[in-house]
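What follows is a set of structures for review.
One chain, chain A, appears in both complexes that follow, with chain B as partner in the first and chain C in the second.
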Partner chain A sequence: MARGGDENKKHLTRIALIWMVLAVILTPMVYFVWGPHMPPGNMADNAEGQRFDNTVLATVATPVVLFIWVYFGYALVNFRRTAGDDTDGPPIKGHARFQAVWVGLTTFIVLSLFVFGTYELVAPKGAGTGSGASPIWTPAGYTDDQAKSTLFQVQVIGQQWRWTFRYPQYSGVQTTELVIPTGVPIQFNVTSLDVIHSFWAYQLGVKADANPGVNNISFVTVSRTGNFDIRCDELCGPLHGAMFSTGKAVSMGDFNVWMAAQLDKYAKVIPLLPPYATTYLPQVDGGYYDPSQDPLPPDATLPSTPAAPAAASPSPSS
Partner chain B sequence: MTKAQKTIGVLVPLALLLALVIWTFTWLIGYPPTVQAATTTPGEVNVTMQTVGTIGTGPHPEWVSYLIQQPDGSWTHSTVLQVPAHTKVHMTIQQYDTGSSLRNPLMNQVLGITDAANNGQPYGLWTDVIGHTFTIPELGISVPLPGIPDDSTNMCSVAPCAKSFDHNTVTFTFTTQGAGTYTWQCFVPCGVAYLAGFGGPMATLGYMNGILKVVA
Partner chain C sequence: MIDEQTIEPAVSDGGDSSAPALEKGRSFWRRPNVLTGLIGGAVGYAIGHWLGNAIASSYQEVVGNGENNFALTLGYLIATLGWLGGLGILNYPLAKIIGLRPEPKYDEDRRLSRYFRYNLDHKVVGLQYLSAMLVYFFVAGLFALAVRSELLSPTRHLLSPETYVAVVGEHGTMMMMMMTSAILGPFGNYLVPLMIGSRRMAFPRLEALSFWITPAAFVVLVSGLIVGGFPTGWTGYAPLAIQAKQGQDAYLVAFGLMGTSMVLAGFNIVATMVNYRAPGMTYSRVPLFVWAMTITSMLMVLAAPVLVAATYMSLMDRTVQTALFDVNHGGSSYLWQNLYWFFGHPEVYILALPGFGIALELLPVFARKPAFAYKTAVAGMVGVGVLSFFVWQHHLFDSGINPDMRPVVMFTTELISIPTGIIYLVAIGTMWRAKLRITVPMLFILGGLFNFLLGGISGVFLSDVPADGVAHGSFFVMAHFHYTIMGGYIFFFIAGIYYWVPKMLGRRLSDRIGKWHFWLMFIAFNSTFLPLFAVGQLGMPRRVFQYAQALQGLNVWVSISAFALGLSLLVFVYNLLKSLIIDDKKPIEENPWQSRGLEWMTPTPPPVDNFRTVPLVVSGPYEYGTGAGPMAVFSATSATVAEGAETR
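Right, the complex of A and B next:
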């Protein structure tokens, strides 16, 4: 049964009205009601930024999704074939103005989100992503020379199948737990001793690939104390699923107490650790890290005790 | 062919196929077998294991492996160990393999256990010749197992190994918490000829990685 132009306009008007009412109600709700509960939370600056990004993306997507749902719902209800009606539907024909609006609007939305997403990914210090060995967007206090950096340094070492963490500003001690202080900018230096892993501290909004032979830098400032989940986000072998642990964000005072205990606990093994380096690969024979081989390449070796972090209390090693 | 014959001709193969699937599934979920720790006194159990450089038998005779001793003294080629919750576990590991350096020297550190000793000597730092480690990352437990000398002339090559072969005996104790299932593994890259030294036996249940079942 063919429909005339007036009838089509009537349907379009109804669809537009239903869509507008729903969009006006639901779009602000997505931003103001759902937004504050979106992942990954607000434990750190990166996490807050990612939550804002998720909120904006969901808010922009809401009217689009609503339009599709309303259109489909309206079509299901109103454009059903009636019993005994075997006539053809109306012929499909072009509508230049409608197409121009449709293409123009979607292009505008997609390009706007592209610009927004790109800005949000790079401007806030890399947004918690691994930014390589020489990041472009960095926090104040960062230098390429870790020994001169005033940021709080933590080296994240992936290996099959666990994470360990090295604190170059604290005698280069390596621990099996990740504990970090709140309120200070932290530089994660992520690397691997064997295959490719991915360091994902979910509640901190940090995710950086751990590549052998690469120092992948990521920044974060944690805003409140609490636990956060650490997982490997790159399939790295049969026990990949067991490669998780729980990190802790504590006050600087509590961190110093914890660190003093770690320095005592690992006192005997610290001298056995290799000199702190941004990477431990490749070895001189091109193979995997093996402390029994020749020393690490000189250009990768850093002093075992770089400068203490700016906002930290004097370290036990200083 | 009668209808009954046709029916039998269809049902019998189907039944055989089903039986094969069930048998395979049962074998898969039951392999390697679970070995229960031997209770000594209330609240305490003993577990004895051994590590061998080559298992010597089975589909991968050249693979390095753990074995667990049953309460009756026999050895089972398995790494699935069951212990009770809230119990003191006295571990004895007979280490028949040679040593190599650790990829991460941190694993020299004894963690999460008490009374560590090697051949009766209290734990110091077993530095340069670590054969394997017994490590349960989730429980914070790790113990390096010193290797025997490379030039040993009395090495065991087919498991289970008798105590007359050269070996080190590492003992330690840990206490289980609540019920749960935890993976354990070796952190020495001893999967020779496999990617990063962590393939092959290092990645295979029943050889160098295992499961600790803590049951209520």
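Right, the complex of A and C next:
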């Protein structure tokens, strides 16, 4: 079928030409023009990492999408039946080389993306996603024993329907506002008091589910001062949509000033708080205990008043 | 070689000379029908509720919210039994159990009323499925419009938070749970026997039962709104599900029922495809649509039992105070997530594969070429099916469970794009130098492939853990799966309706209105969901009623487009009503698309036994342009000839 071969070559050349012109123009544009503006910004190392991933994936996807579009467009124009032509097309049942190239190419792209994604996950220490109670990729200074960890620690506590934050290195003070210093590696310890929430600090590139009874750790280093949005990212009940707040990243000096004010403001409340623990499970009487203490020693005395800001008893009926 | 016999002429089957004399039986009203089913359901509910209160009146004190979940659940379950009993579905098995020997009755009633009764003809069940699925789809679509109306404003303005979250849950659950059978139910049941040259299904009772469970599941699900709705969305995450109000019981019972229906329907189709192929219908001649149905059915059979078990466990937590998912008493909130997504991820391929099946089945017909790389296509679909069981933990990337497993799951998830890519390979190859006929079904196929491409590519962003750190749980995910399911699956489903309704009902839907429908729907769909990728990347989580002020412009755009999308579906309804009911019932050509498919070789609409003689399949279904004769021959002796052919 010499004629068929010529036809094939003609169409292939045209499609390849159109595709290459578009791909050569658009792919670098996606990377260089659009890439720097991709979400979620550059406020923290994780955010930059996620933006880089978004950029790379969009860049890889561009020629693929373009090829399909160009092909479909070309086919719709050139491979149409002409009016009155009721005959069938050429009976091509397969083409071993084309199939092999196609499967080989997609496999190559997929494997490359896997290597890339794994590197981007491991190198930046979990890339801001929740990495469980004992993360395996950790920044220097991290130890499983939180008391010895030199990282700046913030505990994020989700409950229906608000976020509260505890600073174990500052007498375990609990605040309703999240303020963190820039320039130091921060360890978020995310947990929940009732149902599953998800702590999403959008501009920081941090997302970690808050599971009851689980400590979910995520790391971030913030490079710029400013506000960031905190949203609950896992459906947690009717007011899920209203469960958001705004956090602040400030310089270490400003943070110390703010923290001194908090310690002063909450001086009387701190002793009433349940002792700091990685997780809190509600007791029937409304208090909280550390499951590592379970079973409770016989002389253990739980705080009698659950009056702390975050320690409102979970109401099972709500 | 066998002489090319003339294809069985389109003789109406009015004569039925060979069939045994029909027993017309009693009139519609005096036999089990939908109404007796409803009565049975109402009586069953009363009994169940009373029984629940009698057995477990103290549980409500334990729960402390004054609601007796036990009574409600038992009410739902016994109501379902009553509904099935009222329909007469239980007569045959019960008679068997007590030792009678019931005569299997083949109801050959051709009156319209057969659609309102328990009927064992797979073509009746297929049409029952089709009409029911369209009803479920439109109801669920109305919920979506309510959601979009609320999202016109960045603060709450139309629905209360409880109502909003209940409406979101109803929309999601109805779409994801009822629509699992949107293609397999109508087209799988109707066409698989016709396409493989069988006169019947392997298990007609299971098939009919699988259909009659769906209305019960639907009513139970909707009734959840009366008792307060459920706040968990379609995923039913556990600690929230345990503290939720009674609507959650509706969700769990309905999902469990639908899971049961999926298992039954799946078994039937697998058994039929394996055992009921006509002579000469070798595995390499089985139409791609039948392959897709078979693989989908296998996924259903393997995945849905896990769902049924999970809903059962959650119901136990809610009714009899077990603590399987209750962290405070030693349960695990991860357990539900794992069980649920072990079902849930194969489920999205239960939704994708039938769509691929329709696309690959119709492309050769309208390209007038053989399906490109037939065997690779089958391998691709099998690959999607197998891999779908190994990816579910990508729904738990941020959850903190098994952080070291994430590269593995990332790998399997990205791997699945290879077999999915094969679908595009087949489409590209089939369209190569083709003589494309741009008909309405073909438009929907092309539109669906266009949409599914964007859905699939956005899925790669979600499989990459760091990029998923932004997209997870945001509107990006929402846009992603609407592109694959609404943009792919539903477009292919509609293509199937335009393509096969002429076969099923002998009427052709209007091409002119169909083209309006397509363009309106295609544009409105993309205008609705394309901006949502951006909305998600800009930080808007799913299922919220409050969002950043800056995103209002995009959201209003999306809402208006969503209303246009609703309008386009009204055009579809208008087309259905006009073409099928109002217009002149002029007979159409027997094979309006000049398809080679075996399903077009019977009279329209097909007689009860599908084929008057067993077809002998002599060539593949996609031999366009090869000069091969018809796919099958019919002759009085084909049954005997077939024995020789079978041994090949």
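As a convention for this text, the second predicted complex is superposed on the first by the 278 of 318 C-alpha atoms of A that agree within 3 Å, B and C clash if a C-alpha of one lies under 4 Å from a C-alpha of the other, contacts with A are read in each partner's own complex, and residues count from 1 in each chain.
Methods note: a residue touches a chain if its C-beta (ideal position, glycine included) is under 8 Å from a C-beta of that chain, and two chains touch if they have at least 3 such contacts.
Everything numeric in this text was worked out from a predicted model, so none of it was measured.
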First (chain B), second (chain C), both or neither touched by A:196: second
First, second, both or neither for A:239, with chain B first and chain C second: both
Touching partner for A:81 - first (chain B), second (chain C), both, neither: second
Which of chain B and chain C A:174 touches, first, second, both or neither: first
Chain A residues touched - chain C or chain B, whichever exceeds: C
Which superposed partner A:107 touches (first chain B, second chain C, both, neither): second
First, second, both or neither for A:247, with chain B first and chain C second: neither
First (chain B), second (chain C), both or neither touched by A:158: neither
Touching partner for A:273 - first (chain B), second (chain C), both, neither: first
Chain A residues contacted in one complex by chain B, in the other by chain C: 194-195, 237-239, 242
Residue ranges of chain A touching chain B (in the complex, touch as defined): 157, 159-162, 164, 174, 176, 193-195, 237-239, 242-243, 245, 266, 268-269, 272-274, 288-292
Parts of chain B lying in touch with chain A, wherever the complex brings them together: 100-106, 108-109, 111, 125, 127-128, 135, 137-138, 140, 142, 183, 185, 187, 189, 195-199, 202-204, 209
In the complex, chain A residues that touch chain C: 7-8, 11, 38-40, 46, 49-50, 53-54, 57, 61, 64-65, 68, 71-72, 75-76, 79-82, 85-95, 98-99, 102-103, 106-107, 110, 113-114, 116-118, 120-122, 124, 126-133, 135-137, 190, 194-196, 198, 200, 202, 205-209, 211-217, 229, 231-242, 244, 281-282, 316-318
Contact set on chain C toward chain A in their complex: 63-65, 156, 160-162, 164-165, 231-233, 235, 237-240, 243-244, 327-328, 333-334, 367-376, 396-404, 406-407, 410-411, 414-415, 417-418, 421-422, 424-425, 428-429, 431-438, 446, 449-450, 453-454, 457, 460-461, 463-470, 472-474, 537-539, 541-548, 594, 623-627
